[in-house]
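After this come two complexes, each holding chain A, first together with chain B and then together with chain C.
So, the complex of A and B:
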């Protein structure tokens, strides 16, 4: 306690040095020696970082590396145990989010934090107090809000709708616009692109660049290397709570950065096997049209393959995966799923309900795991065993030991090591996803539907998940995975179904799946044959040439 | 077609549809049974009976809106306590003049609500437990101050029981108007918006710079002030002090909030809905007494109507929102 006080005092004196340094403009925000511990866990150790005006700094690290802690310290949600935060050269104490906002540090958090019952307009000005008493009156707020929204999103929004009625992506836009409306000096984007489609993400980057040209600083956090490489001027890598490296743009490629944050060379994970061993058809779509007036299409998914669903947000891929799960019915046409083993495979039955799907071995891992996927106050093992608990009943009596044995087996399969944490809500996003996938492994699925399963999951865990998915396919399951990440589609999928305007616009297979062919299909243009392009695929930063190393 | 769509959209936006329909039907039935109910002769009595129920329903609203399991069970005993303090303490010590007693009673309400709010916001205690505690404390204190119903109200309270315009404008409505003005001011200052935002997602509000703890305190304190106004309404109605009558208002207030279409999980809701909800409960009571139904049946009918209204609200909401959601084109 005394130590930390002395340390604070010494830092005060250095702060005046910083402020007094002639010539160089002070950093918008600088942190020095920031430390935070939770009980025995040292979440952040001696973290130092600075962001200059006009600079975009990427903060890289796996889940649990201290990124979130640093973000929470900067946004006033947590206070540091040690260390200081300087804003424009002056030491500040950010006791609350309100104080951080007043200092010009505006954070868009990883979760979409918004009052879903309130109108879009109220959400955009949340925390500004009454419009009647503030300088910007009601009409002014309305105008500023719709202008800012339009500039970022390229389309208008009904400001008088409850936010909860909007799509996940629009809700994400809302929290970003809310931050921009505060005219931040430092904008902290913590995984704020995970629900945005490619087009919107590019628009956001353009907006950040525009503001940076006017002197705004940006701290950018993303698990997607392509995004990080696209926008950052400088990279700060964190590992187990410590800053392990700082690189300027051009000093390091994606491979080098991944090595920095993981501390070792990471394989590309489960690569396409090259030879697709297709089994019999597991899912057959016949004349399916998803919405009134959209062109009907047909498709099949076979055992042993991983099929990606892609497209810009809201173009039909989400509806299709929900139709496959039996959570909604297509506008017309039917979804057939092959029956259980032993029955003829060419006797697929139409699936129209979720229960019907479950009975045929279809499992669905939803996108929003917080809401649809887990009971976050319950223990991990209860979250695991929920749908399969009946198997642990002997004569109507539950045998917890059996559940435990099963859990240990399936946890090993997904590479999840149960730690001391008991409730699933306390796990990192990646580990939560592993538990949820283990849950469905226990159901011995024949068709696995994954709705953007790696969203907000760190690189290392992502690759582990890819291995698991590939393993499931190899074991004979049909894997259908909706993904919004181009890298993932290119490297993992055997085939990709691309959706545009509520219908299937392209079906790409094998080496035809390239970033270029995907993006042109996203916009409804016919895929350009990609045979002549060099096999080196320079836009795919996470693709080393080494073969898959199964570990 | 376009008109119909608009009507459907309005109905969908408005959680008040069910309660308004209920009030209209009940009012028609009541007028059929006793056409003189709204005459200048009877109106003041009717309104005086109604005012405490409406005010106590209003008192429950901010706490429920503020979310985090927000509810204020202490509003009933608080209204009784205010009545007892007025008749049993202020009048005997010749503090019964309107300029002294009115601010004092409002202060009692505000402070009680504030104490609840502090325990909930800063103590991070469950609202049900905190306000159940103050429910018991206030019920007990009322009996300590005044063991039996006794006393007379000051003249300004008696004055409020009368009416202007030959009976067509009961003066007790001033209390409701006062409460509505206060609520209007809170809305105007943006406080109602922050209460609702906090109720909808307190972490979103907190990280957006809303001082969530203060907002919760304000919600409970404003509820306390409404409950104090209800206490004055009760004094107008009974014209004396009664230490036990207040308690029964609590559950009726919660019922009125639910009837009015405000979800008990907070984040949404109106002030008018619960006021109408309280009115419909009142109209059920008068209807049953006009029909000479035993008063023992009143609670049964209350409960049945409440369940019906909640189901109707839910059915309406789900039927109108269960449409396929179309993403951005």
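So, the complex of A and C:
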């Protein structure tokens, strides 16, 4: 139900012509000639854009292209140096986030901005009304909140639990529902889908569509091309602070859009090396069951391969990667890691603690960079060197020069170019991730555990990270990577372990990894029998559903 | 700026460039130094004799007691904690030091006993807060209360003992250290600050202090042991507080538990005014040296204005709020998102 009549066609690539198409409904929000600079950096130059009632506009661009700046201008976090913002045809000045909310522009930011110690209910109504007088009575709030949650998520939530006890995905749902409860005229979703699994993401899209049919506009930002292609009516591409192109749905394919935002031709997907020379087993899971009552399973991960962990959020893949890292112990069974010489039979030992894991060469890149991955107020070099500082000591005294030398070498391996920036908090998400990975290269890892490492990372950097992961595997490491992105699983992984209901439900290898086989495995169904793609694949007819260990 | 970078050849540009470290020192260092100098000039103008050598020497001696205690507090604040047992340990160091010395015990042994007691109490603070995840505010207040109670029972809450004569000289504003015209205790303070600086910059636990303070969860995943580092920081704080108490005996002549009382507020204020964030992870040792100097100058200035002690307190509090607002603030949320 997209009423295309309502959709105004007000596309401006330059500032000169900004008038909307005559006769069309006025845009919910229109910005003209918006500029913002930070010191010598021009974050946004002459940005123009409009969103009509019922329209979903995707804002595309790499990190640093000016997307976040535009979003912050629209949500009243920053004020523009030049240019104007129009709401329903009237020029407004959004001096504060409150003013933007009052104008009907509701933004869901990339970071989950919520009070983790407060109840879900409180978080859903955070910032509503004054603390003393509220427009909605308490009982009404409870009902509205649970209805809105149910409509978006398809299940109920205990409104009286502290938000911090919920999963990352549920916290993300919370901030989205909070935005929806405000009945936005323009909903701005800035990377708000990065923690959602495919099922929820589709539900969110359906909700956005439903609201759009009632006249809401949506500005959608995501690094995932599949999502953008699925939801947007119009694409606005930004590069180095400037609008470089506007396309309507159907006018451009993913490849064209990527070319627009990156300024060059990039392959749309990740790369899987056709033949994998798999080495000896590096990790062996024996009779592991993750929760009481779930079916035990076995699996191995070998040196030289990249193995994906997938599934809908909360189906066990996250628990497994934490078990592998020694951060939690499986309900039963054990995780064995090969000894230093790299042969499985050579001194394999069970890993039960995180430190024990690191000592055996098991390193872990956590999911939430800000909370677990780094200290954003400290310099890059400290975030890099912390766990391996003893290497830089001579007679008990640290030698910063040694740290620096080491960092330059490992930074090259992960394709990170240290700039003048000193604090890790000021780097883009992708570069932060590179520093975190470089940190563990110094520990000579044999098993690298990556928990959704490309979340919130722009396309170009994503590709660089894929190259890094492949390089690490080629150098003999076993790479285990949890991913919530179907594209990534299909194109990068040598094998994918799919989890359902706390247990391994399918093991897909090579060209058997397709979007269709993945999604059906997500829901616990056996893979589609009709091989959907790649008839030339020389893979052996392994039963994908058999939860047997390795090969 | 951008014009320069395009025209100037790279080699020259590199020379012109300020390294991030230098830039950090410029933006963080001078304001504290400026404050110290500015208050000094105000004092010089407002209070007769304020800038006289004897007065300056006396201020430095007083600053060194505060400075040593605040140095310890700095370690705790850097890991995001707070040590409220400082006054009790200063009192304990003072009483124990004076009494044992009065009983004729060798000063080396006395110092060792005082340091070990401070270290142990501090280590207990560190372990209790990190193992059971209790708020340091409550834990250190409680251990301070235990220490205070024990000392009062031991001494019957009377003035007791006497400081050894060398200590009186060591802390006398009139004495000098070799060729230097300041009391040895001032040199000891600055030497401790240098050692502490080397420790936090050039040792593994020193760097780990910052990581633990900046992000506890991430620190754990970077193999930083919260228990060890907490025990070290609180232990150092305890040891330095009791050392400061012992040194104070030279100044006061005998042991009195309540000498520590003003240091609850002052030791924390010195850290904060120096520019170390109470949220942890940001700050340094030399800042606290400057913070201690600022505070002592301020109190001297207020005393010189012959304000009543109640009025002194009020003005001091107000000034601290202003100074903290000037540069002790945390970054705005807007700059962080």
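What we mean here is this: the second predicted complex is superposed on the first by the 496 of 551 C-alpha atoms of A that agree within 3 Å, B and C clash if a C-alpha of one lies under 4 Å from a C-alpha of the other, contacts with A are read in each partner's own complex, and residues count from 1 in each chain.
FYI, a residue touches a chain if its C-beta (ideal position, glycine included) is under 8 Å from a C-beta of that chain, and two chains touch if they have at least 3 such contacts.
Note that the structure is predicted; figures quoted are calculated from it, not measured.
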| item | value |
| --- | --- |
| When chain B and chain C are modelled together on chain A, clash or fit | clash |
| First, second, both or neither for A:98, with chain B first and chain C second | first |
| Partner chain in contact with A:170 - chain B first, chain C second, else both or neither | first |
| Partner chain(s) touched by A:191 [first = chain B, second = chain C, both, neither] | neither |
| First (chain B), second (chain C), both or neither touched by A:328 | first |
| First (chain B), second (chain C), both or neither touched by A:358 | second |
| Which of chain B and chain C A:313 touches, first, second, both or neither | first |
| Touched partner set for A:377, first chain B, second chain C, both or neither | second |
| First (chain B), second (chain C), both or neither touched by A:109 | both |
| Which of chain B and chain C A:178 touches, first, second, both or neither | first |
| Part of chain B, among the options 43-51, 133-141, 151-159 or 223-231, whose backbone runs into chain C after overlay | 133-141 |
| Doubly contacted residues of chain A, that is, touched by chain B and again by chain C | 77, 109, 113 |
| Residue ranges of chain C touching chain A (in the complex, touch as defined) | 1-2, 17, 20-21, 24, 198, 201-204, 206-208, 210-211, 214-215, 217-224, 281-282, 334, 336-337 |
| Contact set on chain B toward chain A in their complex | 188-191, 193-194, 196-201, 203-211, 267-268, 321, 324-329 |
| Residue ranges of chain A in contact with chain B within the complex | 75, 77, 96-98, 101-102, 107, 109, 113-118, 122-123, 126-133, 155, 165, 167, 169-170, 178, 291, 313-315, 318, 328, 501 |
| Complex contact set, residues of chain A against chain C | 39-40, 72, 77-78, 109, 111, 113, 354-355, 358, 364, 366, 371-379, 382, 385-387, 389-390, 393, 396-398, 400, 420-422, 425, 439 |
